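Both of the next two complexes hold subunit A, though its partner changes from subunit B to subunit C.
After this line comes the complex of A and B, so read on.
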């Protein structure tokens, strides 16, 4: 029932993910943070097989950091997305592939533009203005088709996000109790409450 | 005394020197000059061809006729080589592979310094793992990336590399270097840098006249519309036209005689 979605707007990307960790019919945890901060201007929301998400996101986090230490600059979102996609594509052809779906949100400090990438466990990657994974995506994508504006200021973006969360609460049989929301813009990454 | 420590690249002499590395550098200082100047809106690279002659077929081959000294490594990096050409070919090949490898992993052009580091790691390896001689090649890398814009790097057989505003390798590099030091201005434009490079080349080259038979020339800029790097390696005819424009073209003996 994991749901995560993300939208881009004027100079920012918002990434939101529900915080419920469940196993079978049992809620195990309600404050799980699925959004990893990969670098000063890069966020990654992971959903999928619980162990895999942690293993893979930590693997990515460490490698992005290693690149930063070695080369004295951070990978820009497009380069990071390409590398992550490649890692998943290689994993898919291994004996035990990672079953992880990702949303990668970032802000490119060289071109001053926000970016959002939708990546799945098969190694598919596309750059999109808004994206969603999980059961929530069935309701949210049509909503975003109608209401998303790539030039919207942050307040409007957050209002659209609120609509999405309300829609999922209304229609999905299991309502995610809480969301973690993180924003990345020119000033870097920050977490907000809605 | 020194002879005892000559044969292996990996052994220090009692004075703490690695003779093979120094000999490799000596080989480079006899090679054709390569000169690079970093401008605010581009990088200029010129090289002196040593292998020339009436019978040499320059029609085929790489960029700029024979393509002996200046190579396109990636669309954002040009390299100029001085030293043993066969060693240089192998290094350029590695550099091109490294650049394509980066493109495969990150879907973006390799940063210039990263490429220089890759090549230097390889060169350094040959100063430490025995049984082989070091690469007898120095390179100038003229490149562009989004992070640091235009850059000019130099690497030598020891595996050291350094960034420069204007530098020179190969024969007469001392003379050229001091000429550049006098004439280089901060915020020089590509247009002025082309003139500076050609004038310095004409003063330092052994031959008295400049022409496309002796010179290779290239300029790296950024396309004004697309903002993508634009690497241009001049063809022989273009070099002659450029020399004509700069007033450094070869004078035909007969016409001079007729005028006198």
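After this line comes the complex of A and C, so read on.
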């Protein structure tokens, strides 16, 4: 199962997700980008049922864009998260619910604060300083309990992120081969290599 | 694995002398894995009425939003704030609407109402997940630590407690009960509602 995690720091949110697309015991793809850029300051890492993740993330992406076109401003991270949560909660009680777990990282350009939301397929949402989904979460969350600092500059944040990836590589039996890492801060979204 | 114990969390409400108190824990988990220690389960309805929603976390948010909507509609239509006992029936009928596919929440309410004569009437109530009301005169509990909360509250609670004593009673009940429950804890939030103010305090708890 895929692993994704995210941390907030001083003026930024980093979202990382592994890039393997597996089916049963077979690796189908090793460069899958699971982190969708929803708007200039909003990122969404999706994991779960392969078809659902793509369908749902594109649905969200287009609705966020539609709001932007209609109103000439984009949703704040908190508002976008609330809308996405509601979509999942409504889907849960439908005939075929989306099976998608999300990490929403954003930067609020009005209050100049980074935000991170942990959302699961049931529509459970909570704002957290750091978050993880998948089997990697069992290692990463306890590691971040010790090393995460919400006031850390970007270099330190990336160093902690590296520790997380190393820990997953060391302890998880099927270790992910590569990660896609994206940062959102006051300048918007950018992808980096670690 | 029960759906009511999937995310964990507990709420308790108590009656005092011309005051009431309501408290919740702050844990959000995925079974045994803790996700957040800032997940509040108590929400204001009016400035003298609070509702606690322990149970499945997705429904905590959904019902919080649904009750906010329905109370706002009530306030606009009636041009007055909702009374605690009226709100209890609103909660009950909202849950019973979903009788055969329920919201997995057991709401707890605490508030005070003032009679036309100026007498202060404390009010607490709880329902099960399909809206069966329980109007208690002493205390009500709900959530994964409910069995432990019953025991501790039974031992500590006494009638006619003043606001500060009621705060101490509900805090000690909550802190000690959630320490015996793996799915609740990670901090506590307490509201004491009196006729002229609401005291809100966040308590530190064991983080294991």
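By definition in this document, the second predicted complex is superposed on the first by the 194 of 194 C-alpha atoms of A that agree within 3 Å, B and C clash if a C-alpha of one lies under 4 Å from a C-alpha of the other, contacts with A are read in each partner's own complex, and residues count from 1 in each chain.
What we mean here is this: a residue touches a chain if its C-beta (ideal position, glycine included) is under 8 Å from a C-beta of that chain, and two chains touch if they have at least 3 such contacts.
Since this is a predicted model, take the numbers as computed values, not measurements.
Look at subunit A after the overlay: subunit B and subunit C fit there side by side.
When both complexes are overlaid on chain A, the residue A:120 reaches subunit C alone and has no touch with subunit B. Using the contact criterion defined above for the overlaid structures, shared-chain residue A:83 touches subunit B, although it does not reach subunit C.
Of the two partner chains placed by the overlay, only subunit C lies in contact with A:128; subunit B stays clear of it.
By the touch criterion defined above, A:92 reaches subunit C but does not reach subunit B. Seen from the CA centre of subunit A, the centres of subunit B and subunit C span an angle of about 60°, rounded to a multiple of 10. Comparing subunit B with subunit C, more residues of subunit A are touched by C. Once the two complexes are overlaid on the shared chain, A:137 sits against subunit C while remaining clear of subunit B. The minimum CA-CA separation between subunit B and subunit C in the overlaid arrangement is 6 Å, rounded to the whole angstrom. The contact surfaces that subunit B and subunit C form on subunit A in the two complexes overlap at residues 86.
Across the interface of their complex, subunit B is touched by residues 71, 73, 75-76, 78-79, 81-83, 86, 110-111 of subunit A.
Only residues 104-108, 111, 113-114, 146-147 of subunit B touch subunit A when the two sit together in their complex.
Chain contact summary for the complex, subunit A toward subunit C: residues 85-86, 88-89, 92-93, 118, 120, 122-128, 131, 137-138, 141. Residues 7, 28, 30, 33-36, 38-39, 56-58, 61-62, 65, 101 of subunit C are the ones touching subunit A in the complex.
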